[in-house]
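Listed below are the structures to be examined.
Common to both upcoming complexes is subunit A, partnered first by subunit B, then by subunit C.
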Partner chain A sequence: MEGTGLGWIGKSVKRVEDARLLTGRGTFIDDHPPVANACHAAIVRSPLAHAKIRGYELSAALALPGVVGAITGEDVARHTKPFSVGVTAPIHYYCAATDRVRFVGEPVAVVVAKNRYIAEDAADLVQVDYEPLPVVVDPERALDADAPVLHEAVGSNLAGNRRLVYGDPDRAFRDADVVVNERFTFPKYASTPIETYGVIARWDLLDGVCTVWSNFMGPFIMHPLTARVLGLPENRLRFIVPADIGGSFGIKSSIYPYIALIALAAKRLGVPVKWIEDRREHLLASSSGTDRVAYREVAARQDGTILGMRFKWLDNVGGYIRSPEPGCSFRPTGNFVGPYRFQHLEVDASVVMTNKSLTGPNRGYACGHLYFETEGMMDRLADRLGLDPVEVRRKNLIQPDQFPYRTPSGGLYDSGDYPAAFDRALELAGYDELRREQATARAAGRYVGIGLALAVDPSVSNMGYVATALDPQFRAKPEYLAKSGAVDSATIKIDPLGRVIAILGTTPQGQGHQTVVSQIVADELGLVPQDVTVVDEMDTFTRVWSISSGTYSSRFGSVGTSAVALAARKLTAKLVDYAAHLMELPAPSLEFRDGAVRLRDGKGPSYSIKDLAGRAHWNTESLPEGMEPGLQATAVFGFTVAKAVDAEDRVNSSNTYGFIAEVMAVEVDPETAAIKILRYVTVHDAGTIINPMIAEGQIYGGALHGLGGALYEELAYDENGQLLTGTFMDYLVPTASEAPQIEIAHVVSPSPLTPLGSKGLGESSSMTVPAVIANAVSDALAPLGIRINELPMTPSKLWKAIDQAQRTPTGVSAPLASGALQPRRGVSEPRESRALRPRAGVSEPRASFSGHPRSDPTSRTSLQ
Partner chain B sequence: MKPPKFEYHAPKSLEEALEALGRYGGDAKVLAGGQSLMPLLNFRLARPTALVDLNRIGSLAYIREHNGQIRFGAMTRQRTIEFSPVVAQRLPLLKEATHWVGHLPIRTRGTIGGSIAHADPSAEYPAVLAALEGEVVARGARGERVIRAGDLFQTYLTTSLAPDEILTEVRLPVMPAGAGYALEEFARRHGDFAIIGIAAVVVREGPRCTMARLATAGAGPVPVRLRAAEQILEREGLGEAAIEAAARRATELVTPDADIHASADYRRHLTGVLTKRALTRAIGVARG
Partner chain C sequence: MVTVRLNVNGVAHEGRCEPRKLLADFIREDLGLTGTHVGCEHGICGACTIMFNGEAARSCIMLAVQADGAELMTVEGLMRDGKLHPLQEAFREHHALQCGFCTPGMLITALDLLRTNPSPNDREIREGISAVLCRCTGYQGIVNAVRAAAPILVAGR
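What follows is the complex of A and B.
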């Protein structure tokens, strides 16, 4: 390795970030206030879920010694504009409540004081006169004609609805041998990054620049949106992001309303203002994924071939629709069909507003929802047809010779070998042996189950997908401006001694960009990673960035790394030209190899990078005529496959698409309803893996996050819109103690679209674990006729379902129906036994967990 | 999440502490390990005028054996108890219970006196105090008194300690040699407060049960001694039928509440399941 440096990509190089992070020397937003004399803000928040604001009484707060001043919704209404939203409905979303509060925790005023203690004391003294209004929290109830309406100008709680039709789903359902349907509900949960939001805002009165330090992660579209809200030209609003952000997982993309609010406070009160969100505020009012009610239908042939699907979604975005919502419905547009070949699909997506906190991207952005439903349907279909769940999936997988694969909804899957990755997972898990063990366990009265989940893992969103929320007629208007793009930039500078500084325009939140970039640059320039210093403190005034910039949507592993590689390649091309000039040889006879420019045939002298760098910096006369002095290059990489949504609502909503195949075995204790994970295998195809250790970390984190949503985490509300899980005593996040053993393997199908062949991996198993564990638990409890269609599976809810099933006399005969014990193919049960299934879930459509779908009288079946 | 203003006292002796406490007529709170009080302050759920911090009173941290009792200074850390040879030998139930208390950093700060005086009914130590029929010593301006476990817990987070009293010592009778014991707990995550916990102690002589003790965590506003269930065992022995009957009886003796984590029905059900499991395990380790 010495002297060559080649081959750093693919190695588990230790993270250069860890030394400072593990010794408490990171630079987070709260560590180094860069602003002298900053005052501290406390935000007054609504205690009510829905109320009119009749007035504010600030005198007691302002009289408290140490208080600098306060702003209220009146200032917000007078001095800012509402944020743009992603739908056409007239929803006025300001950075704080102006005339009405619509969720508990909504900001209504900001008090600024010499320190946070005084600010909180003063916030307690602010009196807001509320006139309570009726509350609605359930997205189905919110659409009832007599439901309280949150936004009078809209006239209902429907922020938007799109019915997307791909192919001919009606025909697919007409032609089907079997139709299976199910209702699913997915919980509202978040990410709870260890560092909460933080904003410091300062105005320079002389040049009119507002500088904001914050742990903002992008997407940088929020920068122009915020500038507009504050009435600033974009080149007068400066965003600076510290070197370290303590996690985000998408949640910090929703910090921007606070940037506007704190900037406004700083402007009105004439002091720099610092606000560090506390954990209570974070759980109450930062951001989360949506809770969703989904109705799913699948149409299939007798042999398991899927002909089409119908999705009906009600996504609950809370009190307002905040950008980039309604990404909750449309972010996965290109991969709606997942890894399956069916061509006919109808998606009826409603975005509903209720008196809950607001939503936004949360690791896997809507893909956890998508695959929980789809993979649940795959198992229900297998069950209905008497097929093994492996078989019904294999039957429908996109085949390796079909890549690049265009999905009916416009996705362009760049590469993959789904059957191979699935087989690898089954082999690693010992699927057949697991089934045998399950049969033995069942015979002994134990509840052991095996779940599967497959998913296409989309990375690098094409921001154009958001326009799917708009009607094609609206998009066809001449004044409508189409949107598309997925770009990132990098600058590389070579110093006179041949060492390198790489400057990124990204906002890492723990992903290890410095490490990964040092590996890439070392490989490209024939160096060792230690020769590369990576600077990653985003500053909108000094870095090259664009609308889609930022570290979100698993971007960096795909688009950011591409920009780095391209910038390095620009430099090596320049070094070759320079050396050719020095050697008086034609450039095509030379190449950059192993850290030096050499003759292609390997003979003769060479110029090392250090030699060339010294000459180029110290003696510009030695440069060929017309060559720009200095050794730096900036590359902006953009995907050309990121196109605007077309007239048929097709859009390639991401740019690279990985694959995930998972197998999980669980045992459920029927007495306590505790779920024990016996085996968990996850196989990923994210193309070229740059740093396997970091990739594994992402998979662990994603899996635990998914486990959180499946078993523990929920922002639960009562009927009055009060948050019931507002602390870490009640909002339960899985810890190391809850982590299962995770068996990870990779299959590598390099992306043809990126210079390094890499794809994103940051969201990974967060989108599959809810599905795989729900399927495993359903399989375990199949003898009781229980199918999981609602998360989280809390022991209390699960026990209730078990208890009810056990009290149903037919429940005890159910073990005979368990598919895993029987030869699957061609064996179907007599109709009368189906009719004897427990019907709890059918008679009670909103029950926590439904009865076995085979008992669903609404399903048409031609099963013989 | 900053506490409202409070006065702060860090006395070096118990006498100073009592004097400071007495000055506020019930508006002061005693700070021990701070694992519950500090969050309550930061959430502004508790707004005492003053805090009296016991952490500098070294004489309140000890473990002593005396007259068939193990006596714990109120400020003895849970971590110390976890690794105490005396506790391992004389009070193995307490050692086992300690493993269920929070996590290592919590046990490093948390104290036995603080846990019991805080009187969270889902906590492990109050259940152990009830099961072992322990007692606590309270010191106040009018002197010292001993309060039995059964008289200590009033309701959620409420004890019979007077506002000017400090819990100074916890006394647990040494467990009979050969006693079987177990603490079974069900929580959603490791280290959380119990959804239900059951502390069990049995003393056997051949097939007979000469003493049975059962107490709950999480099954109502205070730890519940399941006396009627114990009596079944003391009457009928330790056979499977008696265990089943005791477990069934246990479910009738509790009136748990519902919360975000568990319904009342589920808690009642778990009371039976865990009573059975705790007894089965306790009997398994009992000698005699």
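What follows is the complex of A and C.
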């Protein structure tokens, strides 16, 4: 941390954001009303999962003193358009129900009053006349011929289906020595940020500009979509995002229908309107990942070599398909194969609508599902072949000399050394010793298991992946416009004293962008981070942005930091030209080094950044002819590897690809079904790490999201489509007592595609923990013949499985199974083994941060 | 409307509100102290935790009128003489916050834990702060921060 002025990248610089957040001076959406006299909205929501709306009775609500007015679905139908959806089926998704409700909690009306209390009172007085319709919540049942149909114009509940074929999967399955099948179900869960949604809308009827403040996180493609819905030109709709967002994890990308709804209320009622969602509303009707039913098949040779796989997915997107869905199926297109080399793959993806709430990105978007299934299949394959799960994985890993690696589905893995990272995880966990201790524990009748999970961690979505949902014939039509891109921008200004302001258009939700940018700029310009002020409040009227802007899909560490570095480099190039003019030397003989323009050979005079900035600002006459005055630069960085999906459905769906290798050891108490995590090791390769402290924070947080989904969290519905987990009493978020100790280590394969060699890391272990813990619990319960193919593993579900298995021994390792029937005491705290004891050890892996190369992003791989 | 007189962070306040006004809303809207956050309004997430007559309490499930005559401390009252409280310092040092939304409730809860148990072990720290939900940090940084701050607070007593 000592300020040499160089080498800030790679240091755990303390965050500049913290001072305000620790003292209660953050600027969250509900904190600082940006407009005077905002009125408050309460949203009337459907109590039924499926019903026709016959009419509204507003008189009692409107008669309440303090009520300003109300809008209903009729206003929505009359004055807005439906949102575009990502499929071709005729699904009309408006910002509120117009003629029919399709899930409990769907907005049907908005009441606006002078304060929130009155608005809520009035919302209770709104009467909606419903004609109930039959309900379906299960995605498989929803596709039955006699199932209730949600959207009559579609004719079924299938929003879309694509069968994607890469290579020759049929032949792979014909040639296989073994084929293993499994059915998996993945739960509907949400990362439930502690700050809920918030929207403030003001409509200036004179200049026709609608300004919306919200804790929307992007992608800003939703800005043009919302403008269209509201019938506004894009330059009349202004989105402003405050500096602080209280967590998001993908969930706040789905605020945009509420932006349209509250903007409409503000327009119709002629007052600025503020809406802050409450927790019940959030759990009922914000967003979540999909619940999925998956059928998996793997074809392999006797030696464990995988020849091909088949995926059949039913993704339940709820009552409507809301963009960016069906990303649930297609976001991982490029990394469908994960870290494995097999070439033949068939993916049959169905997107199904049922009477549940709507879905969208949730931390690890679609990858938690993908790897839960794939890694579960790897263990099943190992089991079938009598091989160690480590061996099966090693046999199939993409090798370090294969990078950059093109996957059969079009992904371009930029860099990595998967076997080395996997070995590092095994070594850290003491895998062989763990196995020996497991054998001892098993012999003693204990249920100890070891799980593995490997994953390719995709970051910076290429917008083009969404079109994979469309038929190639549709995409071949002349009127179809191809889509691609992953772009971010940054502006850097040097003031007359040589200090810097960096302006971003990102929407951080706790990722510490201000800190990270101050480190990068300090290194690029030879300053200390304190010399750099970073402004980070997105405003579509004043920031340079693109439709892919926003802070999602682990973008910032990769594309955002690249824009910052490039903007700084534009400025240093200008400073060199300016100094060359002042020194009357050819520019190529000079370079910008350690905060000054110096002669390349190191001798002679130099011009410091402060000196140059003062002269350039105060005396424009000193500039060379043709040089633009001022010291500011904007860089827009876009990945050139982000291309549109091709005719064979191949697409590089992300732009940088990291790697995760995890080992977890657990013990299951057969009496209580409690799962105790004994060891959990995670190794990440996210290229150059800019701030290890922040990176580790992302890993800790991501892992706990994965654990929540694996063990506790589910938006559970009854058969009437009523949400059963509508409060934090029922929707169980892990507390500190449930959070595991994590041993973290890094390997570093700099990305050749980014100026700093960095990749994204924000989703991290959220996508691997469901897999690794399911595999560990399956391994623990193998003596009982139990394999986890369904999440969350709640104690009641697990206990039932154990109880049933104990009553009807499966014959697998019968002696242990019967031993387990004996009452056991005092084994839940394993003492006899060192490796199985929970450890607080992050200190050792931290050492692996030191001295990684950052200046040479082209060096393919360098391992600690 | 009723009158509520109370002391917050050492400053006397008087406000008028409806009897049904939640204490959390009163603190945020009537007193303008927006550091206290609301995450669930049903007493589970702990974001709204404040010190109420010296003990941690959830301001979202109390009415403002119940605080008449009370002494409160909110996150805004932690700093002394322009310096961060040692617990705030430790949070910064150990990366105990990301988005910062749970942080005010987490700080007050941790302070309350250290008041009743000045030298907690890790299990006690985890149990103590399990009253507040954090979705960003995985709690490890918070546990580290509370552990690090405990001896400093003891020494400062």
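We adopt the following convention: the second predicted complex is superposed on the first by the 804 of 864 C-alpha atoms of A that agree within 3 Å, B and C clash if a C-alpha of one lies under 4 Å from a C-alpha of the other, contacts with A are read in each partner's own complex, and residues count from 1 in each chain.
Here is the rule we use: a contact is a pair of C-beta atoms (placed from the backbone, for glycine too) under 8 Å apart; a residue touches a chain by one contact, two chains touch by 3 or more.
Please read these numbers as outputs of a predicted model, since none were measured by experiment.
In the superposition on chain A, A:Glu671 contacts subunit B only, with no contact to subunit C.
After overlaying the two complexes on the shared chain, residue contacts for A:Thr727 are found with subunit B and with subunit C alike. Within the superposed three-chain model, A:Arg279 lies in touch with subunit B and with subunit C [touch as defined at top]. Of the two partner chains, subunit B is the only one that A:Tyr712 touches; subunit C does not reach it. Applying the stated contact rule after C-alpha superposition, one finds that A:Gly26 touches subunit C and leaves subunit B untouched. Looking at the shared chain after the overlay, A:Asn37 reaches neither subunit B nor subunit C. Of the two partner chains placed by the overlay, only subunit B lies in contact with A:Asp124; subunit C stays clear of it. Residue contacts after overlaying the shared chain place A:Gln473 against neither subunit B nor subunit C.
Note on subunit A: of its two partners subunit C and subunit B, the one contacting more of its residues is C. Once the two complexes are laid over each other on the shared chain, residue contacts for A:Lys800 go to subunit B alone; subunit C is not touched.
When both complexes are aligned on chain A by C-alpha atoms, subunit A residues 116-117, 278-280, 727, 729, 735, 737 touch subunit B in the first and subunit C in the second.
Within the complex formed with subunit B, the subunit A residues making contact are 116-117, 120-121, 124, 278-280, 671-672, 674, 712, 716, 724-725, 727, 729-730, 732, 734-735, 737-738, 794-796, 799-800, 803. For subunit B in complex with subunit A, the residues that touch the partner chain are 1-5, 39, 43-44, 186, 188-193, 195, 260-263, 265-266, 269-270, 273. Subunit A meets subunit C in the complex at residues 12, 14-15, 17-26, 28, 30-32, 116-117, 191-196, 244-247, 249, 278-280, 509-512, 693-694, 696-697, 699-705, 727-729, 733, 735-737, 739, 741-742, 840, 842.
Looking at the complex, you find that subunit C touches subunit A at residues 18, 20-21, 25, 28, 33-42, 44-45, 47, 74-76, 78-79, 84, 88, 91-93, 95, 97-104, 107, 122, 125-127, 129-131, 133-143.
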